[in-house]
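Below, each structure is written out as structure tokens.
There are two complexes below, and they share chain A, which is joined by chain B in the first and by chain C in the second.
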Partner chain A sequence: MPGLYESLVTQSVVLGAQYALVAIGIVVLFRHTGIANFAQGEILALGGLAALEVQRAFAMSIGVQVALVVGVSLLGGAIGAVMYAVCHAPLRRAQDDLLVVVGTLAVALLLGNAFRFQYGSETHSVAPLLTDAVRFRGFAGPEIAVIALPVMLVVGWLALQRYTRAGRRLTAVAQNPVGATLCGIDVRVWFVVAWAVSSLVGALAGMLVGGLIGVRATVPLGYLIKGFIAAVFGGLTSVGGALVGGIALGAVDVFGGYYLPTAVRDIVGFALLISVLLMRPQGMFGRLTESRL
Partner chain B sequence: MTRFRSYLTRASAFGPLLDRPRMRARRLFLWWVLGQVIGFVLLTAVEARWGSYGLSVFTKGAILILNVAGLGIVIGAAGQVSLASAGLFGVGAYTFGIVEPSTGPVLGAAIAIAAGFLVGVIVGLPAIRLSGLYLALATLAFVEAAYQVWWNATSLTGGSSGLIVSAGLPTNIEDRGRVLGQLGVLGVGTAIVLYRYVVGQTTTGLSWRVLRHRPAVGASSGMRVGRDRLLAFGVAGAYSGAAGVLFALQAGFLDPSVFDISKSVEHLVALIVGGTASVFGAVIGPAVLIYSLEAFKGLAEYREFWYGGLILLIVVSGRGSLAGLLGRLVSIVLRGDRRTQAIGADRTPESVDASIEPRATAIEPGRVLLEVQDVARHYGGVKAVDGVSLTILSGETVGIIGPNGAGKTSLLNILSGLDREAAGSCAIEGVRVDHLPAARRVQLGLSRTFQNVAAVEGLTTGEHLALGARGAAASMSYDGREEEWLSVVTDLFGLRPYLDVDTASLAYGLKKRADIGRALAAQPRLLLLDEPAAGLGSAEMDVLAEALVRVREVTGAGIVLIEHNMRFVRRMCDRLIVMVAGSVVVEGQPDVVLADERVIAAYLGSQRATTEDLAIGKGP
Partner chain C sequence: MRVRRWLAGIAAAMLVTGALGACGGDDDDATADTNGSETTAAQEGEGGLPNGVGITDDEIRVGFHGPLTGPVSWVGLGARDGLELAFAEINADGGVNGRNLVLDVKDDEGSPATAGSIVREYVQGGDTAIVVSAGLSVPTVGGVVAARETGIPYFNLTAGDPKAHEPFAENVFHGMALQAPWTGRASVTYLVEKYDASRVGYMHSEDGFNTAMLDGVREGAEEIGDVEVVGVTTWKPGDTDFTAQALRMAEADPDVVMVATLLPEAAPVVKALRAAGVTAPLLISNGGTGESMLELSDDELGDGVLGTWFFSDYFSAESGPVADFMAAWTEEYGSGMEGRPNYVDVNGYVDGYTLAEAFGNMTEATPEALIAALEGISDFNPTGISARSYSSTKHFGGTGLNVLEVVDGSWKSTGDTLDLSFLE
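Let's turn to the complex of A and B:
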């Protein structure tokens, strides 16, 4: 029987990994396009609901599961590309922070409402990819899946950035779109890639988290905000920072939830956000960019 | 000349900016009365047509307009991203609900509005350092945190069981509706007049419009950018606070779930639909939304589809607002898609013809204006400025030249206080300014211009001059000749025909002159110019040089200029400083410096070049 402390740590990691999954999707997009997607919560819901639909239609087998993962990834990538076309492309020259924020909010409204019409507001249970039969230390199968994905994403993403041509191009586009264009890189292609990868991460995350806590038509805004807090912890530009931030925030929530009253618990998270924003807007791991006058 | 009296009357944060303040106040009052009359007529018409249901929709509209107008001040006027309105709305409503039983409705409303202002200022604190997305997140977090407070601070708010607000309103539904509608008219009318007054006619409003586009220009004109941002959030908070009071009165019962983030989104949608160009966007947007929801009853269920679709339409069209989209369509239909030419582009520059006497306040020559010792600024591994020392005297013009990336602009940013030096010291007329922000340095007599065109979109040339004059006014004692001085600057730089023209539509050379005019309006003792001649034709350049020489003669000010055009530099400068890779390599008389082997090597990378090559190295 694990002690209280071990159990709180386990819960922290599981909750933190969920925040990290939301945060990684946000960071991937923000780092490469400078845009924050306020519809990331709906993209998570999309992944979970897709899994729900597939499970209703087919009996689960290894083949179906593989197809499900591939299908959810493709769906996520596609919705990302569509969001680029709708929210980002028209405003590429306008440089209007507000309109981009509002554009993604609009997509969130549309998707969220469409899902609510179709699925109501109750929680639907989804069979996890890894079942409870799989166990490791204190973690059950669905939890392991939720923890493994962000770790794999961070390792894979960093490797991609460092060792592949595509990764270096993405970085070039992120750091200096004009310079990258002058080097013959079609910036638009890489913006689409960033959107697609970000949404793909979101959809996969939605599927795995759905296996753990069930799927709802709308992801509560508080959940998305936790993702943002975790992302800000990494300065919105560091994928590794998002993972660390997510786990840290998970610990704040779980330990705070145990030792503090509920109201205070949530305010601690926001206080953390404001202090990080004010004291280190570049995050614990990110770098602040200088603007030229 | 009376044109300028206006700009200089008083320098308090909300002091009037434009001509004859008393007449302005009277005109504003007349507008307010007119608004009340129109509102009353509307209210009566609504009641006649739709009865008390219509009145309740009318009041809802007024609540939305108050919220959206507040958001319009932060977003539209001051250019800050904010999602805070739902939280501030809640602050107003709950404050009123909590204090009203003990204070009565009038005082209670005042306290609620004040609470909105205060909380708005606190929410705006991150805006001093943050912008864009980071600010959106900080304000979003505020709404969530406030939302938690409404639910959980049960001893004050009643939490999920709610808070009853009675405030002694009539119980009869018609009378009640009429009173609330009247309050709505009062609130909205006052809000609109106040918006137009503060944004259009006060120094703070001017500052907002500047910091929306170019905060650095505001700071370098003496505007207290941080304070002014906070004020924008505060005023928005007061507006949402008033909306909260009206909501508490109408609902009679406060339920925390009203004040969640989707309210902020609704306010944003309304603002985007109406547009942020003027306060009327804040009326049009809510009117369109509320009318559309009422006219198509079936729409209520699909409200979020409708909102989302409307925004996406506006976003995809790239026109910024529904009003802008419609306006664009109308103008294409009526006139075809024509682009207008920049104003003043076809004019050949006139010569300087202002006859001016040296000023009584002119600085005696040879006074030490600026003393800089060993300043350095490193960005990561790049030593942008690496131990520069220099002294500038009154009445002299010093040119800083050097290849691109030599650290010239970085040095100027340090001197003007936009960037802090990592090491070294800097003194203006003996006063150490190392830790003073840009705005304070302006008040000590240091003004600057910018390399990129720094004419602020949406401000007229006259307002640029006002910006310069008002920013410096905070601590300088005026000698009563400021109008004369603005008039002189206007004529020296040929700006008189363009005083009421938006600088965004001026030709390039005129924009540069408007920026120099802004810097000079502050009556600087030391003027820093970053590439004043770049991009000018040779005739324009001669006129500019002549004007600057006259400025120096009349005021005795010192001038520091960064320039690549050697003809301009030779004509203007008494002394040259050559920077290479962050350090001063040569300093001295222009002819001597330009013949120096090291300077030629720095510019041309060869020892064979002559001074003549340098003279044609760049520019005409």
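Let's turn to the complex of A and C:
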């Protein structure tokens, strides 16, 4: 049995990686479209519930697991594309991003109630992709999967942006959509890509986290809020910052949960966020954007 | 134009005068009741019971509020479906004295303010015999307060928060909603006796019921003597990580642990406790006793866990009254919804029959007569699932909680019940 501090540190990383997964999905979309997706929690639930259904229908062989990862990725990407078509494209014509955000809230309510109606309120166990038999230092298989995904996403995303034409186009769209359009880039296509990638990350996260903590019909609001805090903490435009923000918040939650009453634990998290924003309004790793009048 | 205004003014004045006359009149054939409607002796239904508030020739109207949408919709939907199932069976059997029971359902969205408004709407409508509520404790208190103020008969199916039960009101009744401190006291007494425990761990969700249960746990421990409540730790409903709480419980080294939780957190908390090295026997509160614990059995974590339960059997029972209920429910609503039916469905069903019994025993169609009829119910258990007993001083109808245990991935009856004799 590991010691107290070892357990607390291990769990800080595990919980932090979960928050980071939520945060990365939020950051990818916000960085490239300026939209905060309030249905990100429901997309996580979708990934977990898809894994639950597959597990019920099939014995979990390696082949089924690979198919599950591919299937959940495609499902997440498709949902993102649909959300672009339903929320972003029509509502943005009104030239008000707030309308798009409200649109994502409507989707969240719709999906949340539908999932709750079908799956009830209990937490369902889902077999993890990596079992407890796999161990590395203090981490068990399901925890390793949850920690590895955000690290891989950050590395992959940074490589994509730096070394590929698609990544540079995405960055161009994020930095100056009008300028990108004038250069012949179809901004709408890259908006769809951003939505699809953000939702794909959410669905994959839901599947992996489900293997660790179980699957619920709706991801609790508090969990989503923690993801947003991690994103803001790291800087809403920095994928790497989302990872750091997630881990920091995980540590606050786990150590705070042990040493402080529950209500104070959350206050500490918010206090930390406010302190960071007072010193660096753009978050730890975000960039300030200049507006010229 | 001016003439029209005058005519409208005269008409309004006549209406007001007429209304005042009706309120202040001393007509022997009509008596104003607490809901502001009238009972007329000339109007009388089949069974000799005259028409009255919410009672017409053909039907008896029962109001209902509960969360039908949102995170705790399983409570509102469960109660609604259970009540409607019971009413459908009773109506198919001829109704109550020839009148059909009709449930008028409203969504309070889990909001105490909305719950209160709905109760007042029913009172103003004047066509509802009784209002039934289902919900978590805090929202239900909103409905109970409005019922106390207005005097309309009110039946609380689920809320165990002391604020929903106290102060005592003659028009407010409770089904199986055992007060939280009572549950806590009975549970700790049971655990101490069963395991000869002197250190009882208590960890709980910060919802109203499970927080209030701690008072009863402490009271029970003090009453028994030489029993310490240790490792008290909490989480918020919706939390997903319980490592810190589990580590604190492990450090407290309890002989037994009570896990007072809502359904979504039950399995993750047990998992965290076992991962933290807590090997003590676990008792899950009735709010957390559910299917998720059985899924944990796949990892050999669920077996041996105890759970308090409203009925003698769990849903998976192969025979008996709960199995009969399951068959009837599935025939009516199908089997596609996970987590349904739940214990609220069953409580709704049981108390649908309780209400029908009271309506059938009314001597007059007044709220006072309905209250008297409810208070006259004693050891009433037509479904065989759970008995109800009331009196003029006891408006909590439940008669006890049972203890189940996870055995080979199923909840099985231990045959044990929690001792509520301290209520007598």
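Please note the rule applied: the second predicted complex is superposed on the first by the 284 of 293 C-alpha atoms of A that agree within 3 Å, B and C clash if a C-alpha of one lies under 4 Å from a C-alpha of the other, contacts with A are read in each partner's own complex, and residues count from 1 in each chain.
The criterion applied here is as follows: a residue touches a chain if its C-beta (ideal position, glycine included) is under 8 Å from a C-beta of that chain, and two chains touch if they have at least 3 such contacts.
Here the structure is a predicted model, which means the values were calculated and not measured.
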Exercise. Of the partners chain B and chain C, which touch A:258 in the superposed model: first, second, both, neither?
Worked result: second
Exercise. Looking at the overlay, does A:221 come into contact with chain B only (first), chain C only (second), both, or neither?
Worked result: both
Exercise. For chain A, which side has the bigger count of touched residues, chain B or chain C?
Worked result: B
Exercise. Touching A:79, do we find chain B (first), chain C (second), both, or neither?
Worked result: neither
For this session: Have a look at where A:90 lands relative to chain B and chain C in the superposition and call it first, second, both or neither.
Result: first
Exercise. Looking at the overlay, what does A:11 touch: chain B (first), chain C (second), both, or neither?
Worked result: second
For this session: Name the contact category of A:118: first (chain B only), second (chain C only), both, or neither.
Result: second
Exercise. So, A:106: does it touch chain B (first), chain C (second), both, or neither?
Worked result: first
For this session: Could you tell me if A:213 is touching chain B, chain C, both of them or neither one (first, second, both, neither)?
Result: second
Exercise. Now for A:248: first (chain B), second (chain C), both, or neither, which partner does it touch?
Worked result: neither
Problem set entry | Interface residues of chain A shared between complexes with chain B and chain C | 113, 221-222, 261-262, 266
For this session: Sort out for me which residues of chain A touch chain B in the complex.
Result: 30, 34-36, 86-87, 90-91, 94, 96-99, 101-103, 105-110, 112-114, 221-222, 225, 228-229, 232, 236, 261-263, 266-267, 270, 273-274, 277-278, 281, 290, 293
For this session: Could you please specify the touching residues of chain C with respect to chain A in the complex?
Result: 69, 71-74, 206, 234-241, 243-245, 247-248, 251, 262-268, 276-277, 290-292, 295-296, 298-299, 336-340, 342
Seminar exercise, completed: Residue positions on chain B within touch of chain A in the complex are 75, 81, 83, 125-126, 129-134, 136-138, 140-142, 144-145, 148-149, 151-153, 216, 260-261, 265, 268-269, 272, 302, 304-305, 307-312, 314-318, 320, 379, 409, 413, 418, 450-452
Seminar exercise, completed: The residues of chain A that touch chain C in their complex are 1, 4, 7-8, 11, 15, 18, 113, 116-125, 213-214, 216, 218, 220-223, 253-258, 261-262, 266
